[in-house]
Amino acid sequence: MVSFLLAAAIFILAMVALGLFRVFCGPTDVDRMMAVQLLGTGGSAVLLLLAVAVEIPAIVDVALMLALLAAFAAVTFVTSASGSPAAAEDATDSR
Amino acid sequence: MNAATLFGICGAALAGLGLFGLITNSEPLRKILAFNLLGTGTFLIFGVVARRGAAAGLGGDPVPQALVITGIVVAFSATAMAVVLLLRLFEESGKATLDPNEADGASTAEDDS
Amino acid sequence: MRLALDIFTALAVAGGAFFFLAGTVGLLRFPDTLTRLHALTKADNLGLGLVTLGLLPLVAWPLGALKLISVWLFVQLSGAIATQLIARLVRREDPQA
Amino acid sequence: MSMANAFDVALVALLLAIAVWVVVARAAFSAIVVFIAYGLLVAIAWVRLFAVDVALTEAAIGSGLTGMLLLGAAARLRGTTASGRCGLTLRIVAAMFCAMISLGLGAVILTPPDVVVTLAPAAMANLPPSGLGNPVAGVLFVYRAFDTLLEKVVLLLALLGVWSLTPDRLWGGVPGPQVDAGPDGMLAFLAQLLPPLGIVVAVYMTWTGADHPGGAFQGGTVLAAMWIVVIIAGLQNAPSIDQRLVRFLVVVGPAIFLGIGLAGFALADGFLSYPAGYAKPLIIVVEVALTLSIGVTLGLVALGTPQRMRRQ
């Protein structure tokens, strides 16, 4: 079971890596910012698998931190990329 | 090759890369970024020391681990200081460069190294 | 019982890994930023959910399991809103997108 | 090669590739975005080195707060800096020099010392009297408490340094971005939803730090991050830096730590030692006060110098 979980972790890490390279090549900074989102989910999955595989439950806390900070990074990115928070909201009405 | 050695070599490579970026990038913000790479590389090497000192039923020696935590906080403080210095330089001179030919901004971002 | 739970874990984790694959394929193949964002967040969140589900029988009840589930809910919540913000930024910078 | 080994190899390859990307990326802004992803991966590397406390700190401070700081700076400097590089000769010389440094460090790593030096048994021996279960917390608050105290002082000095760069006309003003967003909208929604959860996580981190990985730093950093989310979403203004409450919060943690440390002269064996039987409650008091102070200080450091005066 342990090697199966680790194999799954390697697989997901490989998927994250493939995604990362696509994302880093992406034409805009927004594409790159997706990398953080990718690591928020993929990294959390890898950490959860590791936590069970190596039997250190505290690793789940790191996954929790990753999830929290992926959102934090996205918020700072959006506000700093658009100049002001009000500008970030402008697009709301255009649908 | 065990995990500790592998991450140690990774840390050594990261430290070299960070140093290279610190020297060759002329943009101050990139220098600060490279300084952080250098920092994580060094911390990883220290983490290997901790991992090799695993004893008394622990996965690693807690003393180097605690020192790395302290180091991360201090590296953040230095980064924040460097960023604020850079922003002030920009506000004063309208330029964010360390090139003495362009602006007289002696050694702003180097304060963090 | 043990065997049944192990098979459940294996199936769920493998399913989760498959959705991560699907997400990455979408990321690699889709033509523009918004569709890539769509592929990334939907497939990966489902993948994480399945991985979490598969790991549930292997962690301590009930607190460990609760923490595991809360990680997933957390990623769902923050991921959904953060992706909205990013997508709106794309829309604002390029209204044609 | 075992599965665990294969995982490590994959992780190291990914880390190195991303680090190269950070160094050679053309625009500063994209380099910083990539750096944030890099920091999250380094956290996974720390987990593989069995240093979960460090992984938490790296994820929180190394990636989260540092990334936020640099993103903000890059946005303000956008378009002003030419991404020039130095000449080819210097780059080759620098590359050779750095390769030598890396090879030297690698050689040290590859030749492990004959006698393994470890302080783990000593740290563990110090642990039971403190009542703590997490050896790293034991090192931070008992075994090497002096370092921890000084590190708080470094954090305070960083804040003083940041504030001292305030232009005269803005002294006592409000740091952080101008708030002009409405109370509704996606960002405000996130900023209303995330902080309550984040505060729960912060309390949990601080509390669990006594027996499991976590502690005042990690908790304080989460607090700082949540505070910043609220400020940049425009729900709440940053406080002006001349408020007494702000200064009190910044100082209270280190002051209590120092006070209990000095009381050690009278009541225990000396500076920063705890009276027998009271170690755990005292450490908890120090940790809670430090969490608050670290949260406020990190937040203020990340927000930078005052940008405008308070509205009268």
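So that you can tell them apart, the chains are marked A, B, C and D in the order they are listed, and the count of residues begins at 1 in each.
Convention: a contact is a pair of C-beta atoms (placed from the backbone, for glycine too) under 8 Å apart; a residue touches a chain by one contact, two chains touch by 3 or more.
All values reported here derive from a predicted model rather than from experimental measurement.
*Asks:* Quickly list, by label, the chains bordering both chain A and chain D.
*Replies:* Intersection of chain A and chain D contact lists gives C.
*Asks:* Specify the chain pair with the maximum number of C-beta contact pairs.
*Replies:* The chain pair with the largest number of C-beta contacts is B-D.
*Asks:* For chain A versus chain C, what separation do you get between their C-alpha means, in angstrom?
*Replies:* 10
*Asks:* Rounded to a whole Å, what is the gap between the Cα centroids of chain B and chain D?
*Replies:* 13
*Asks:* Give, as an integer number of Å, the spacing between the C-alpha centres of chain B and chain A.
*Replies:* Centre separation, chain A to chain B: 23 Å.
*Asks:* Taking the mean of the C-alpha atoms as each chain's centre, how many Å separate chain C from chain D?
*Replies:* Taking the mean C-alpha position of each chain, the two centres sit 28 Å apart.
*Asks:* What positions in chain D touch 2 or more of the other chains?
*Replies:* 4, 48, 50, 74, 186-187, 190, 194, 197
*Asks:* Where in chain A do residues touch two or more of the other chains?
*Replies:* Residues 33, 38, 40, 56, 61, 64, 68, 70-71, 75, 77-78, 81, 88-89, 92 of chain A each touch two or more of the other chains.
*Asks:* Going through chain B residue by residue, note those that touch at least 2 other chains and give them in order.
*Replies:* Only 59 qualify.
*Asks:* What is the complete set of touching chain pairs?
*Replies:* Touching chain pairs, listed by label, come out as A-C, A-D, B-D, C-D.
*Asks:* Given the complex with chain C, which residues does chain A contribute to the contact?
*Replies:* Chain A residues touching chain C: 1, 4-5, 8, 11-12, 15-16, 18-19, 22-23, 26, 28, 30-31, 33-34, 37-38, 40-42, 44-45, 48-49, 52, 57, 60-61, 63-64, 67-68, 70-71, 74-75, 77-78, 81-82, 87-92, 94.
*Asks:* Which chain D residues qualify as touching chain C in the complex?
*Replies:* It comes out as residues 186-187, 189-190, 193-194, 197.
*Asks:* For the complex, give me every residue of chain A touching chain D.
*Replies:* 2-3, 6-7, 9-10, 13-14, 17, 20-21, 24, 29, 32-33, 35-36, 38-40, 43, 46-47, 50, 53-54, 56, 58-59, 61-62, 64-66, 68-73, 75-81, 83-86, 88-89, 92
*Asks:* Considering only the defined contacts, which chain C positions touch chain A in the complex?
*Replies:* Per the stated touch rule, the residues are 6, 9-10, 13-14, 16-17, 20-21, 23-24, 27-28, 33, 36-37, 40-41, 44-45, 47-48, 51-52, 55, 58-60, 64, 67-68, 70-71, 74-75, 78-79, 81-83, 85-86, 88-93, 95.
*Asks:* Residue numbers of chain C touching chain D in their complex, please.
*Replies:* 74, 77-78, 81-82, 84-85, 88
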